[in-house]
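Scroll down for the structure; my scribbles are underneath it.
Letters A, B, C and D mark the chains as written, and numbering starts fresh at 1 in each.
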Amino acid sequence: MKKIINDPDQVVQDMVNGYIAAYPEKVRLIPNTLVLARKEAPIKGKVGLVSGGGSGHEPAHAGYVGKGMLDAAVAGEVFTSPTPDQVLEAIKAVDGGEGVFLIIKNYTGDVLNFEMAAEMAEAEGIQVEKVIVNDDVAVEDSSFTTGRRGIAGTVLVHKIAGAKAESGGSLKEIKQVADKVVANVRSMGMALTSCTVPAAGKPSFTLKEDEMEIGIGIHGEPGIERKPITSADEIATELTNRILEDIEISKGNNIAVMINGLGATPEMELYIVNEKVQGILHDNGIHVYRTFVGEYMTSLEMAGISITLLKLDDELKTLLDAGSEAPAFRS
Amino acid sequence: MKKIINDPDQVVQDMVNGYIAAYPEKVRLIPNTLVLARKEAPIKGKVGLVSGGGSGHEPAHAGYVGKGMLDAAVAGEVFTSPTPDQVLEAIKAVDGGEGVFLIIKNYTGDVLNFEMAAEMAEAEGIQVEKVIVNDDVAVEDSSFTTGRRGIAGTVLVHKIAGAKAESGGSLKEIKQVADKVVANVRSMGMALTSCTVPAAGKPSFTLKEDEMEIGIGIHGEPGIERKPITSADEIATELTNRILEDIEISKGNNIAVMINGLGATPEMELYIVNEKVQGILHDNGIHVYRTFVGEYMTSLEMAGISITLLKLDDELKTLLDAGSEAPAFRS
Amino acid sequence: MELDVSRTIKWIKLANEKIQMNKDYLTTLDQPIGDGDHGINMARGFQAVVTKLDEEDYQEVSDVLKDVAMTIMSKVGGASGPLFATVFLKLTNALKGEQIINQKQFAIGLNEAVSGLKQRGKATEGEKTMVDVWSPIADLFQTNEEVDHSSILQTASNALEKVKDMMATKGRASYFKEKSIGHLDPGAVSSYYIFEALAEV
Amino acid sequence: MELDVSRTIKWIKLANEKIQMNKDYLTTLDQPIGDGDHGINMARGFQAVVTKLDEEDYQEVSDVLKDVAMTIMSKVGGASGPLFATVFLKLTNALKGEQIINQKQFAIGLNEAVSGLKQRGKATEGEKTMVDVWSPIADLFQTNEEVDHSSILQTASNALEKVKDMMATKGRASYFKEKSIGHLDPGAVSSYYIFEALAEV
């Protein structure tokens, strides 16, 4: 394991400290927690937005704390959902009297811990609403199982719900628009290499020199299919088509595109993939309203990408374009 | 070699196409070149800013094209300085009558190719000025040799010279402020792994599982010293001290800090390093005015970091804070 | 089988020892069909539990179990954190007020624990989770007057055997569908250690 | 030694063949003390040169050399691109107007080329660059009435031998200071292929 760290058991604490040290005028650390909150939170009259999850997905989630996006982010241990007491602290820190909205990725751990925190917060008289993001089409959407995972599409939920909250939206209105994003966002990923949880010390899986994993998640879990590496164009085509099979995006529709790097992928490769994705969309008569290329939801030092498509209406367009001062999503 | 590409000989062309496809409303491709220019360039009455160099350093350099930073970026082949005809096209594309300013990193290839282009442009009646960035303290500063390299500090030159140009600065004023940045900016890097130029197909060097390279450049060239991996704190201390030995930064001085990832480094590790760097600066009574953490000047999929410190005065502070709409540097 | 404060503490400490010893193994089990953190989560959480138990003086078994539950809740995280916290919290509530827990009382507690676990995780038997160890053990206590140590061990290891051949439909392992068959479930294995420890104290 | 249009074209094509054949080797030489692109740069550039030469009809040697220079300039990049472009441009200018280049003329051209190269790159002999091959070859032509093929080969390979032991003070290799000693300089080696080709046509 080659990492620039001090103690594998302290990486999250060290990171959070380093984050605060980078943006002391923008964020503050809730004492005795791994919760980062906007300096000015709680903001009276504004619904508070809380997201979070395991660490190792940087810039998610702290990078999205800022005016126009989240009010607080809860950092769990690496790839491990944060505990309910931590989430509760975040909720309490950002409640400005209008309630708190939770953005949760659909993993058993995240759902359980956030829901327990929500119950505790309600017991303390704080109104809580939530959305569960499940954009990963690599996993089957079934009510008998855990269902689809939440991956990079979550960032667009942060952005749009954040803009709604910033513009004075009520808890109910934020819930509505967040649900709309979740209904219209789909993603799928692939990887060339695995990654190593610092405390585990060895990679989660290994791929041969000529292999890739299709349908990878963001926790170093193996993907859905292992096969020989193909070209960027073929990878872009496979992922884009899988998404387009899952969600009806018609000729003339407007969408946002996110080409997300999983950690070790050179940005060059993201743009190479982007070219093909845009070509496919163009050929389908789909109009790309905005494109985001970069590292938005990573998996430590995994080499790989995910593609996210979000179908937009006028409301979503406006909210997507609204200003954001979060360090990892400026617009 | 595991890469998400189509043809190793086409990566730069494919990337440039994908970049244009991502930001069609912001940048345009100068036909038959690998030059990306601001959509609205040339801007009458504004000095044009041109930077560039080999590819593989993304988001440098195209990511810094935008209002408040560069007017054009020239992309060479991977790790290879662009040719004079390409640089000339960039100069011609952004000259709005007030002349063109070139930001060049101090490598023999970059200097030669940009200087030849400048001579050609002057022959065509375009006024050209330039700055040569040489912030890397890992290399000795000597007039008998090629001298120090230009690395991540270059991004801060883009930012500050860009703000000066946007505010209507003359070629001479831009040159003055750019020279001031170069005189006050220092960087140093290290790496845990090498990287692979696509057309070469194999890594530039190899490091053992317990080794790191100190004083690494940004072209996969080996560093100055190979030794056993130490902790993040020790790495941060070594690089910061090397910089502080090279440039006088006194108690009470204001500085900007950049913790730059070289490509495959998890952002988590950048923040872990940041914590220690800020601690050292704090202990020295140095005031950190702004911190930048992220991937600004990479070396393909190299795992490693560089640290950059820039001593600020009031003018530099104002220009650093001025607005930028470049995709890779929003402020 | 009877549990008093000291035996309960011994039980949990022995469970912790087994978890610490098998930390890497549990993590390894979580890699092919999960995210490779289960051993790390459990080791961190149970270490904190033991530290907590050493700090306090306990009058009642349920007080011990409550601290176990609350420490797990705030230190384990992931899916297993709230689920293990739930089982110990349900046990706590069922056993409140008793100095010495007899087998019948423990059986009732386990029953409550399994119901709480299934409700919290929306999982039932046969979905390849920790439920598939907790549920047969609860049944064992429910249906036998005299549960001896070897029958606990026997039941727990039979349960693990079956878990291996199940297809996961809950938790992370469910993403792998048929491919999850043949793998052990990490949370089932850590549950096994908890009952192995119970059998040994 | 005499050069006409056809022999000049053959020379450059043979140089290209050697560069293509040794592309990986040149890149490998550029890895320990450079950035691992020299073979790629030279192969890309010289391939483009040959394509260009095949497209045109030439009347004069200097026209051939001019296209060589301009194509190298726009296709090689890096440090070596403008430097090789400079030597061929200086040769072009020195030999302009001649149908057949005799040895004396070629010697003058080489002399100009080396001056231009040194001026452009601000390097001189002994700094472990391509100068350390071009300069001894220019000297050879300067000081000998009759330069035969084996003397070109001999001079070029002696030059390479010496380059190996130099410490680099110019170009990327200079970053490695003492550590550059013992390595061949990639641009010196590609220059060697150019003269080896000259010796063989």
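By our rule, contacts are C-beta pairs under 8 Å (C-beta built on N, C-alpha and C of every residue); 3 or more make two chains touch, one makes a residue touch a chain.
Small disclaimer: the values here were computed from a predicted structure and weren't measured.
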Farthest chain relative to subunit A (centres taken as mean CA coordinates): D
For subunit B paired with subunit C, centre-to-centre distance based on mean C-alpha positions, whole Å: 54
Gap in Å, rounded to a whole number, between the CA centres of subunit D and subunit C: 75
Rounded Å distance, subunit A centre to subunit B centre (Cα mean): 29
Two or more partner chains touched - positions in subunit C: none
Touching chain combinations (by label order): A-B, A-C, B-D
Contact set on subunit A toward subunit C in their complex: 9, 54, 76-86, 107-109, 112-113, 116, 138-140, 144-146, 149, 197, 199-200, 204-205, 217, 219-222, 224
Subunit B partner contacts - residues on subunit A that touch it in the complex: 2-6, 11, 14-19, 21-23, 55-56, 58-59, 63, 192-193, 209, 212, 229, 231-233, 235, 259, 263-276, 278-279, 291, 293, 295, 298, 300-301, 303-305, 327, 330-331
List of subunit C residues in touch with subunit A within their complex: 27, 31-37, 39-41, 44, 73-83, 120-121, 169-172, 174-177
